[in-house]
Structures are given as structure tokens and as C-alpha cells.
């Protein structure tokens, strides 16, 4: 879809076969809604609430030609590059974090021209999703002005009709599919998130199709008891899957802290064997496990419990 | 300030003497920050979370030439008209509700030309506050297009540079002062609201000065225990006053239901004596009471408790 | 079986929601119709109100008087805030919108702002509220109103909420790309709009109403096709639900 | 008393926050500096990070590695979401922003995107993240960086984050009406910008550094006023706070 094409975006939403009110399904059936060439929006931020279980299933189903968009892209982006599943990345930052240095995978893919990296400032990308969430073609902003980022993307400048000042316009980004991991949802798709909201609520409104994994599927009653905690309404959601630990070894606020030791090992393998290190990792952690519990078991006895303890030390649990 | 003048709005925010971190004060000192001729933004919606205690204090201090802006304006607007304190009203709807019919006070004031009524659609007005909350001159929207509301206000149309379609632009509304009533705040001004958020969070970001009454002042610890419940940050707030029942006889979600019987009596007096009915009401409920508890006592023994019971029947309390 | 005109109106409005998944409804008859539909022809209906409540339920006998009070937050699924609830409509999530007004004209335009001139009104009405937004942004809009000659005027004094404006493709030309006023439900009949001219025409008569009654209560020339059907009368079940919801007849 | 260059940098950055009420800071040295300032020269400081945390505290020894993880949500006052936290800066609420980059040039422009050409980069760097937003939207911006010749280039390969662009009023002309790059804090000294030309100049030397060291590590001609002051060395108290926060020297 052309950037900012709110008309086509709304038409797609209206033309979409309505999901049944009951949306509980499996990872396999949820991920099957992703098609080759789709533009995906990945929820959470960096290594927080990344929908890793959904992303792994999309790789297992062998999708190709995908565009990945995310506020800050973590190593899940490297997975899709190594698997030749992604040809374009739209983000404001790509890596894991200071201690792990520059991503060799990203460097090789982008410097060789094999993968396109479309860079936006963090706010600009957030506003692109928000413009779409609002059903608009663009949002104005004061950021990015004067920078070289204005020249390499689809941002434009306009003269403000009220003040005569120069404004930056960022075009709405309407993803084909949003992939989200939340704390709790009911079987209809009403979602609640604790702690950092990141950009998930905007993604759910922006995308044509919304796939959600939840740490827990709760009775409708629990949602209705705290309606002011609901951030995504059922009518925006197409599939819900219960996946405890669905973001592990990334963090899920209040429930488990990211496993930095695991990141170390992941990066060590890349330093040693480059992209082969990622492919070996995918074999072990993505393609071989026959279920998410089997995947979690690979982290060793009580790994999730250990990270849960660390999480409780940092933030209150409800 | 000219509609949409985001430059002047930010300059005012930057030029403002910084409130001390401690913001607990009295209704009198808080309301004293309102000046004659100010543009006010009133929080809540219609008869929900209306900052009545603050509004009454502003009337007691005899302000003049005010502009009142609110999403849906209830009878607090009639108070300012009857007191000759307001010359302009910016809203999308002005009244109390179906059972109470057209407002005779509004009709007389507007039809005689004594008070200017600037009408926007409900969403358009919400977007005007949101544009200001975002520090922007305007927001685009698809609403109001083609209607006669386009001709009577400061909305404009523009051709979308991405799609060529016609868009409506609504100019940011930057109030001088926002008046809000919330469920809980700490002494620094961090505010939490239960249930309906209405437009309060946007008002707090849009206004140059933000005055808050809270049902309860809570320890900083309680705020830090649930940071994801905070909707207004301390740095946006200038004054905080603890006023239990500060919205009564309007409702405060989960705490007390609106007292419709009181509305009936208020309207009966107007049917009988027109604006004099309002002036008598102001004498009794606004000018005479020497404190908010004294004001609440006028509703009779246990009125607040009765409405609290009704509230608990409707929505869960935490 | 006897029933009030308001009851008939609520029943006929409810039937417009058959199979619908989401409706943006105001308080009064529209809300009663939505709740009735949820219990009859639209079991999966999510009610959305502009005060910022999604999926609320209503306590019989405690009907909300405004769209932003606790009575309409009861057992809600979400309370998203006013601006955000309208943005759901702007994005295209909401199937049907119910609206009304003090005046409705032959092209489905509504007026709830002023009688006379905007700047020097004969009568200052309350204003748009969310009516303009609902009619501009929902997928399909149904006008719900009593059928009275003083309301059904050739041209509204002020277009608060745009129907088809001057007819033809005027609405599209104004930039309103989505949604349309599909029906006007009154206590006398059902009306729709000519595909070409976008002028109002009679689509069905409600039981007890004759074409002459509709014409007499319509202040403009109404197209009346031959052999207009008559709606099924309200059932005992439909009326029982309504009367259970509003036993004190606050709105019925 | 001996200290590492990184410790010196953190102390000097912290001092830039004296009396400041809010700072938009990234992880690493900037966050350490902000926490240090809060315990010394800026007791009322509210730390804001782009992951969406307002007023967090940090657990010594458990420093966050990203701005969007639980370690930096610890005892926060608010968790507003990423887009909304930047909008606080766009509205003008945030006093100071700390930024850095792989390259900084004589006009305070920063590059964290690419070395070489954007479309065919020699080195693809991680990207802007929030750096562009912080430098564009905060009231006052302080660049915090090690002082190395490879970083201090005449002109950045790519302007990820605009300082004064080509100098003079170029920044204002581009539409950046608010905020400005006020200072560059390095481990060798303090730099600011000529009011007219907006070219970088030496404002102070840090203890142990000579003008010659600064010049040697700067890849462009740096204005060096006569009689440049020397900063007070880090105090034992300042260093103790830092070392308590980062005992494993993950960032120091």
C-alpha cells in the first residue's frame, strides 16, 4: 500500500471478512494469516514484549519477501534476514544494545544492498503508526526537520496555514499485519497490557489484520471488571493465542526480565560464525521445537522462573 | 492567543515561572492563577468529573471576560453566564440532558448576542485539544467536512499531499488554564484517573497552567506502585488541591453518581424565574458556603454517601 | 397489541441492526434500540457510545441520560476516552451509527445547532455533540427520529451533520469518502435515498400508518414508489424487552 | 584521586544539570550522569527516557541496557508510551536532552546512521533512535561523548540529528524553532558554540587535559579563546555515587 493511503487502508478494513466474535486459535492458524510480501508491524520495543512465539511460527511457515517495521528492531530482525524472509526493514534503530556492539548481520545485509533499511526517527515512526491508527494520511510534527532523514524517506515539509511555519509531515504507515504480545486478553480479543504500553495500541488500530498472543486468556468478566485497563478492543483483533512466555527470552513487564546471558551467547555465535551462527540458532530455537513449551525448555530448568523472580524485584506485580 | 499558534504556546510554557515541585495548595490560591479574560478548559464531560469546586472558587474571586471551553458543557456554563463572568463558550453541545430540555439561560445569552457560542463537532474539539497537547498548530481529520460548521469556525480544508483528497484541519486550542478533577494525585501533581478518561490528559498537556483538584492526595509511593495508571505527569501541573466530593453533585466514576434530583430542582427554578433562578442558586451554593464541606452539607445528611452507594452498584471500585 | 409511537420507533430502529457487529449510539431511543437488537437480531452487537464506553450493558430501570456517565460504563469492555472512541469510527471500525436532529431535510442533512441564522439565531439548539462525527465517519448511518412536519424540512437551516448535502455526489465532493446515510427510521415508516439524486423516498410503512400520514408529516416532496411494503408489527417479545429496560417510561 | 575518562565524562555531564527539573537521557553515561545529578546538583530532577518512563529510579548494580526495559521502569512515576513521551518534548515540557553519536561536527550535527553514503553505506550504524527527536524538541541539548578525532569530524557523513546544520540561522530556517545544542561535554573539556557562526569552540578544559590534547582529538579547526578555565576535578562524593551505581563497570 502507498504510504499514507488512508482510503485504501480503510477500504481493506471494510472489505475484510469479519472475524468471528470468538478469536481463540493456535499459533499456526494465527500466523497463517501472514502472506508473502506483507508489511508487518512488530509490537513491544527492542527486547520488551516482542511477540517471539508468533515471529518464530511465521518463519516456520516459510514466508518470503516481508517488510518488517518496528520502533526499535532487536535480533528478531536478524532472524528474518538470515532466513531470507525479509527484504526491507523500517525502523529507527537496529541492534540489541551497547554491550553487544554493531550488528554484523545487519551490516552485511544492508551494506551489500540485500536488505533495504528505511530509517525514521523514533518519534516519526511512532507518528506514522499513530496517523494510521487515526485513519489519516499523515501527521504533522516538528521533529526530523533539517536532518538528512528528510531526504531519504517519504517525509515532506509543508507551510502551516495557521502560522506560516515549516512543518514536517510523516505519512501514515498502515501495516498488513500487526503482531502483538500482551499480558491478558479475553477470547474475543479485548487486550490489557501492564507497564510499558510501547506502541501496541496504535499498531492494533493501524494494521488491517491483528494477531495477538497473550500470557493469559482471562474470562470476559475479568476484562469487564477493569474496563479502563483495556487498550485494544475486540473489534480490532483477528486472532488470539494463549502463549505463556510468548516473549521470552525478551522481557514481559512484571512477569519476566530479559535473559541477557542468552543474548551474549547469541552474539558470540555470530562473532564466531557470522550468519551461520544465526542459522544454527534458528534450527535449534525456531525450527526444531514442536511447541512453545518445548522452546522454553531449551532455556533450561527454571529459566523462566528465575527471570520472573528478577522481574518482581524491579517492578510491582498486580 | 491566535488559534493554532503553537510557537506562542510553547514560548508561554517555557517563560512560565516553574512551579515548585511541591504543589499542594488551597482552592483559593489555585483559582487565583486564573486571570480576567483567560481561556479556560474544563475537564471531565457534561456532568462527569466536572471540577465544580474550582469553578465555584473562580466565580467567588469575581473573574470577568472568560472564555469557557469544554467538550460538552453542562450547567456550570450557565453559572458563568448568569454571573456575567463569561463572554464566549467553545463547545460541541451545551445543556444538561434530554429530560431537562433546551437551556433557557444559553438561549437568552446567545440569541441576544451577549455570549458567543463557538460550535465544533465533539471530535473536532477533542482534536483541537489534542493538537495542542502534541505541541502542534493543527490536526487533520475527516470529520466536519461538507457541514456548515466549516464556515463558522477556524477549521480549514487542505489537499492531502499524499493522496490528493480533501482534509479538514482543526486548529490547536491552547487554553490559558485547564481545570481538572481527578481521583488521586500525589503532592507533586502526578495524577491518576479511574474509569472514563474523557479529555483530561490532553487538556493537561494543552494548557499553559494546570490546576487540579483530587478526591484524595496519596503518598508518592502509591503513584510509584502503579505508574501505568498515571495519566498526567507532575511536570505538567501547577497546583493540586485535595477536595473530596470536588465534582459533586456531578459524578466521579466509581465514587459517586450524579444527583439527578438536584438537576431537576435547579432547572425548575430557572423555569420559574429564569436567570434569577441561577443567581439564587449561586448565592446559596457558590457564594455563601465558606468551604467545600459546607457546600456539601447543603445537599443534606448523607447525600454523598447515598450517591456513593449508587455508584458502587454500577461500576467496580478498586 | 398496543404500543406507543416511541416503542414502535425503537423496535424498527433495532431491526436495522440485524446481524450488525458494532453500533455507535446515543442515549434515549437509539440506545434502547441497540440494547433490544443485542437481545434479538444482533447477538454479537458491541454498543459504542461517545462518552468513551465500548461494550457496556444497561441495568433495566437505570438507563443513562448522557453518554458519558457510569450508567453506560456498567460492565463495559473498554473505556477509551472521547477523542479515541471517535477515532475508532474515523479508522473505519464502526459498522452503524444512529443519529437524530431537530431538523432533517430531503437529502438527509441534519440540524441540531440553530433555527434561523447561526450568528443571530432565532433558537440556539444544544449543538452537534457527536452527531456530525457519527454521520461523517461511521460505515453506515441510520437516522432515528419521530416523523413530524416541523422536523422534515426541505432544507435544514444549518447543516450540523451532513447527509448527502445538495444530493448527487456532493457528499463525496466535500471529501466525505466513507459511510453514508442509508436509512431514516421514523415512527411512521422507513425511508431511504434515490441512488442518483440522493433524495429521500418512502421505503416501507409501519403498521397503522398510511402513505397520507407520512406525506402529511413530511415538509418536502417525498418520492412514494408504488406498492410500498408494510413492516412487521412489533412483537410481544420486542415490546417486553423495551418495557423491561424502561419501566418508568423515561424515554418510551 | 584517580578516575577513568568515562567517570570524568559522567561527572562533567552531571554538572550540566545543576538545578534542572527534567532531563531526557539515554542509557549508559548519560543516565549515570542524570542519576548522579539527582543525588547532587539537581535534587528535583525528573529523569525521562524514550522507552516511556518518567521519574524512574535505578537499582545500583542493575543499570538498564535499553531505555525500554523494567530496570528503568523501577519506581517510575508514569509509563506513558514511547510516542507520548516524545510528544512531551515536542510540547516543550523537557528542559535538557542528552545525546551522542558516532560522529559530531563543528556545528554540533550528529551522525548515528551511516558512514559513507546512506544508500550504499560503508558502515551501517544502528540509526537515530530518539537522538533526532531529542535534539529537535528538547529546550536545551547537551552532547555527551568521548573526545576522539575519528568522532569530531568537519562535517558528518549524514545528519541524523541536526545541531546548527551549516551554522548561522540554518537551524531556525529549517523550521527548528525551539531548543538548541548548548554544550558538548567530552572527557577532555567543555565546548560551546559561537553565537554568530554557530561553530564549536572550547569553553573549558577538564583537569589533566591540555589545549593541545583537545586540538589533537578534534578533526576540525576549533576556536580556542584565551584563558580558558579548567573545570573542578571530580569529587570523591561524585565518584562514590557513580561507582556505587555501576560497581561492575558495565559503562564506566
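Labels A, B, C and D are assigned to the chains in the order they are written; within every chain, residues are numbered from 1.
Convention: a contact is a pair of C-beta atoms (placed from the backbone, for glycine too) under 8 Å apart; a residue touches a chain by one contact, two chains touch by 3 or more.
Since the model is a prediction, treat every value here as computed from it, not as a measurement.
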item	value
Between A-D and B-D, the pair joined by more C-beta contacts	A-D
Between chain C and chain D, centroid-to-centroid distance (C-alpha), Å	57
CA centroid of chain B to CA centroid of chain D, Å	40
Centre-of-Cα separation between chain B and chain A, whole angstrom	37
For chain A paired with chain D, centre-to-centre distance based on mean C-alpha positions, whole Å	29
Multi-chain contact sites of chain B, meaning residues that touch two or more partners	7, 135-136, 141-142, 165, 167, 195-197, 227-228
Sequence positions of chain C contacting 2 or more other chains	53, 73, 79-80, 87, 90, 177-178
Chain-chain contacts as defined at top	A-B, A-C, A-D, B-C, B-D
Residue ranges of chain C in contact with chain B within the complex	27-28, 50-53, 59, 62, 65-66, 68-71, 73-74, 79-83, 86-87, 90, 113, 118-133, 136-137, 158-162, 165, 170-171, 174-178, 250-251
Chain A residues touching chain B - in the complex, by the definition given at the top	2-7, 135-142, 156, 158, 160-163, 165, 167, 169, 171, 194-197, 225-228, 316
Residue numbers on chain A that touch chain D, as the complex places them	45-48, 71-72, 91-95, 97-99, 102-103, 106-107, 110-111, 113, 117, 119-124, 126-127, 129-130, 141-149, 152, 157, 165-168, 195-199, 201-202, 251, 253-254, 257-258, 260, 311, 313-315
Residues of chain C touching chain A in the complex	21-22, 44, 46, 53-55, 73, 75-80, 87-88, 90-94, 139, 177-178
Touch list for chain B against partner chain D, complex	7, 10, 13-14, 18, 21, 133-136, 188, 190, 205, 220, 223-224, 227-228, 230, 233-236
